[in-house]
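Same chain, two partners: chain A is paired with chain B first, then with chain C.
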Partner chain A sequence: MRAWLPSLLRAALLAILLAFLVSPGWFEPLLKPLVQDNAPAIYNQGSLLTLTLLHLRTVAIATIAAIIVAVTLAILVTRPFGAEFLPLSRSLVNVGQTFPPVAVLALAVPALGFGEKPTLVALFLYGLLPIFENTLTGLTTLPPSVMEAARGAGMTDRQRLFRVELPLAMPVILAGVRLSVVISLATATIGSTVAAKTLGEVIIAGLQSNNIAFVLQGGLIVGALAVLIYDGLSAIEAVLARRAGL
Partner chain B sequence: MIEIDGITKRYDGTAVVDNVTMTIAPRTVTVIVGTSGSGKTTLLRMINRLVEPSAGAIRLDGDDNRSMPGYELRRRIGYAIQGHGLFPHRTVAQNIATVPVLLGWDKGRIDAKVRELLALFQLDPAIFAARFPHELSGGQQQRVGVARALAAEPKVLLMDEPFGALDPIIRAKAQADLLDIQRLLKTTIVLVTHDMDEAFHLADKIAVMDKGELVQYGTPAELVTNPATEFVQTLIGASERPFRLLSIETAGQAVEPGTADGQPVDAATSQRDVLSELLWTGRDALPVAAADGTLIGKVTLEGLARRAARPQ
Partner chain C sequence: MSLRLDKLGVVIALLVAYGTLVAPFATFRANRIVPGEAKSILAALPVGAGVVLLGLMVVAAAIILLKTPALLRLAAAAVSLGAIALFIGLTATYLTPPENTYARVSPASGFWVLLFANALLAADSITRLRPRPGVRVLLLLATLAGATAILVSGLWDGLSILKEYAGRADVFWLEAGRHVALALGSLFASVVVGLPLGILCHRVEPLRAGVLNTLNLIQTIPSIALFGILIAPLGWIAVNVPGAAAIGIRGIGAAPAFVALFLYSLLPVVANTVVGLAGVPREANEAARGIGMTDRQRLFGIELPLAMPVILTGIRIVLVQNIGLATIAALIGGGGFGVFVFQGIGQTAMDLVLLGAVPTVVLAFAAAIVLDALIEMNTPSQNRGRTA
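Right after this comes the complex of A and B.
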């Protein structure tokens, strides 16, 4: 009974989330008690489904860019010729993580204007660190005997990287991606302060009109997305790890 | 033939391998022994250029091993290591196919080679080809490691403590299998170990390394009867000498005319094992049978004692 319970809960969560996005009107009675007399209980300034898809798109673009840059950087600094750049790239990526996304938005708006672009920059910088650190860990903790065998078999540097190192490091890299995605899902909401189309719009609208129902539905949708995506990526990781014999 | 010519490897000015010169005959088993830090593994790794020498040259069948890129050289030389080093994300068949794939063999040839090697190492292809390394026992992993090293039919096989991680029973079997396969494939094997029993069991010639220098290079019998230095003598062990001599040759080589009572021993058994059997059963002679079962004579306690004594 224990084994199928989590899957059942996830399936139920997904079903409720989809139902809410496609037909939010069904849930109006639930949210009605939270609002004052004639205020709307369901966000009415745009489609929740569209906002969710735009939110996911923003996170996806920022994460893919972060993966490309962070993984490339980690590969370069773990090669013999790039080893001396390791401390430098570490500090750069750390700065990206410690710089508050709100401050990035404030700095990026004058250069890039309002909308999605400054949000993408903030999410990209914020997402680099977990992916970079995990890729670094994955590539530097490979079993020495396996690396020795790969060299002894006559693989070139490139063949070792693509046939042995990256496949074996993949579960650890993916764990970093998962962390980065979840952080970005939550952080993306503040993009709406600079007019990016994300679920933050719903939350901000709720704050402005003192509508708790708006704040709640915006927050819950982001939360549900984070839980489902986190679990989905964990499952892929487990499959990869099993295949890698780890 | 492997000609090692004045090879030296220095790290920060300290010579780990110091001016070693030796010639390894084709189709033989050469065992490099020494304590840890003696430079034996570095010497082995310079043959396939996992380590680049500071001075000197190594020639394989007359060609300098620096005449081609290192990775191409390594595809031609088998390499098996302690702890097998199998790729955990690849099946047994994919592991064995590593070098043939790098060499661009066609699929049919690779599949045939994988099946042939699995069968040779007593692993049923139908069961083992699709398994992953972590689904195998230690002995099976080790066999797959050696099969992978032999997949591209190399003339030379380098082995770095290949049996070090195995328990004693599996190790004895792995050593016997290696000798059978060496006789079948006629591969030149260079093996590094710190286990003297293993060295005497496997070697046609033994190279003894001490502090980076090659102190003696000769047949096992030469090492026992005429150790070049104190170190060689210590390594062999003074009290082990007669038994080491007996462990080199087989019962067939000590056979005398005549017959004896009891269960015959196989002619391929080492004289040391026959002596042990004689002492344990309290006999002074045992009959010897050839591989086909025919009796070819007897081995006596007295005969073995003569052979174990210091040569005059």
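Right after this comes the complex of A and C.
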């Protein structure tokens, strides 16, 4: 019974999430006890489905940009040409993580204006760090015997990178992507403090009108998205790891 | 000193050139919220001072560009940083018309680029020098002391961020205290609860997956939502549990913020305790058992000391994360530096945003350096490389 239980729970979670997004009205009786008298129990200043899609789009754009930049940078600093940048890039990653998301968002506003852009910048910067760190780990901890064998087989640097190093490092890189996506999903909500259209809008509307039902539905949708996407990426990772023979 | 180019130096020198020659050094605004006028270094400073700063940057760029000893590069970075810090103060006195209290002078993109480039150079030369952990903390203290000295001297008083501060000095320190109390208090609570919980999870295998999965789930709830969700149960406790309201538990304010930070902190502490304890070599445990140590002696004498670097890494993650997340407490009336950030966003007054953001970043940065040093001091010397 144990083996299929998690999959069943995940499927149920997905079904509930979709039902809630498509027809939030069905869930009104559940949320009604949380609000006072005549306050609305379901977010009524926009469609939850649209906000969810916008939220996902923001996270997707930022993550794709972060993957491209972070993986390219990590490849560069692990080549002989970029070796001089390796120690610094490590400490930069460390320092970068100390910048609080709210500060990054707020400071990006004067340059980029209110709305989606500062959010994208903040998510991109936060997304970079885990992916860069993991790609670096993946590329620098390859078994020396494999690298020797690849060199012995007469592969060029380029062939080694694309046929040996990257495929072997892929599970670790994906773990970084997964971490980055989960962080971005949550951080994107803060983007709504600078007027980005994300699920944070629902939560902030709830905080402002003292409506716990809003806060709860905004938070739970993001939480459910994070759990489902995390599990989905873990599954892909497991398949890739098996294929890489790790 | 050979005349070879340093690759990283080329990048930094380009940044310095951009910050010096292209980007504006300071912005002048007639009042707090109107768009400003950008001023280059020569326009923002009295003639002599502007030339001195330009000259300094040229010398620094030359040192950076060539392959020079790390110590010289660090010195160049320190001198440049000091110069930028002093001269930005001068721009304020120079640009502000006498007796005008509305005009605002703030650092512009050129200042931030120069600051970033030189900080990068300092970070790189420190990485190359590989100082002992104690030396790194001393460098941090020296930097902070330098900044404090400039602050106390009043040189920066004309800058917009300090004008914002001057108007609300009392509130600033009150919120600073709340911010630190929130971040450190929740860290302390999470260690008190998380450490024993981690030890329990290590010893009782069936518990492990359940506890870690639950804590993982909490992490997926966005911070602003968790802060908000906790308002309801804490409000209920305040009303229904005698004495709760008296010790400061309320639906809004610091209590939900504290609980939320505590919940987020548990995962790194518990997970790292479990990982740290699992990494204790089997031989160490067997030897301890062999010489007749009790379970308790083994835990405190062998296991915890050996797991300490990993546990401290968890604590570092928590502290840095909490200092950042505590800014969000302001959204639910919990105070902290976030108060200025959100007020600033609301009034589109970026100086006010900076007044909240800069101390938060400095605090998080300092916490990271101190804890990194602590972790390194607690790591057995064979892993420490040259610094041992």
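FYI, the second predicted complex is superposed on the first by the 246 of 246 C-alpha atoms of A that agree within 3 Å, B and C clash if a C-alpha of one lies under 4 Å from a C-alpha of the other, contacts with A are read in each partner's own complex, and residues count from 1 in each chain.
Convention: a residue touches a chain if its C-beta (ideal position, glycine included) is under 8 Å from a C-beta of that chain, and two chains touch if they have at least 3 such contacts.
Quantities reported herein were computed from a predicted structural model and do not represent experimental measurements.
Colleague: For A:164, decide between first (touching chain B), second (touching chain C), both and neither.
Modeller: first
Colleague: In the overlaid three-chain picture, which partner chain does A:98 touch, first (chain B) or second (chain C), both, or neither?
Modeller: second
Colleague: Looking at the overlay, what does A:30 touch: chain B (first), chain C (second), both, or neither?
Modeller: Neither partner.
Colleague: Could you look at A:152 and tell me whether it touches chain B, chain C, both or neither (first, second, both, neither)?
Modeller: In the superposition, A:152 touches chain B alone.
Colleague: Let me test your reading of the model: by the given contact rule, A:60 touches which partner, first (chain B), second (chain C), both or neither?
Modeller: neither
Colleague: Can A:219 be said to touch chain B (first), chain C (second), both, or neither?
Modeller: second
Colleague: Check whether A:12 is in contact with chain B, with chain C, with both or with neither, and answer first, second, both or neither.
Modeller: neither
Colleague: Does chain B (first) or chain C (second) touch A:206, or do both, or does neither?
Modeller: second
Colleague: Once the shared chain is lined up, is A:243 touching chain B (first), chain C (second), both, or neither of them?
Modeller: first
Colleague: Looking at the complex, which residues from chain C come into contact with chain A?
Modeller: 6-8, 120, 123-124, 126-128, 217, 219-226, 228-229, 231-232, 320, 323-325, 327-328, 331-332, 338, 341-342, 344-345, 348, 350, 353-354, 356-357, 360-361, 364-365, 367-368, 372
Colleague: Looking at the complex, which residues from chain A come into contact with chain C?
Modeller: Spelled out, the residues of chain A in touch with chain C are 34, 82, 84-85, 87-88, 90-92, 94-95, 97-103, 106-107, 109-110, 182, 185-187, 189-190, 193-194, 199-200, 203-204, 206-207, 212, 215-216, 218-220, 222-223, 226-227, 230.
Colleague: Please name which positions on chain A make contact with chain B in the complex.
Modeller: Residue list for chain A touching chain B: 143, 145-146, 148-156, 159, 164, 167-168, 243-246.
Colleague: Across the complex, what residues on chain B touch chain A?
Modeller: That would be residues 48, 50, 71-76, 79, 81-89, 98-99, 102, 132-134, 145, 148, 158 of chain B.
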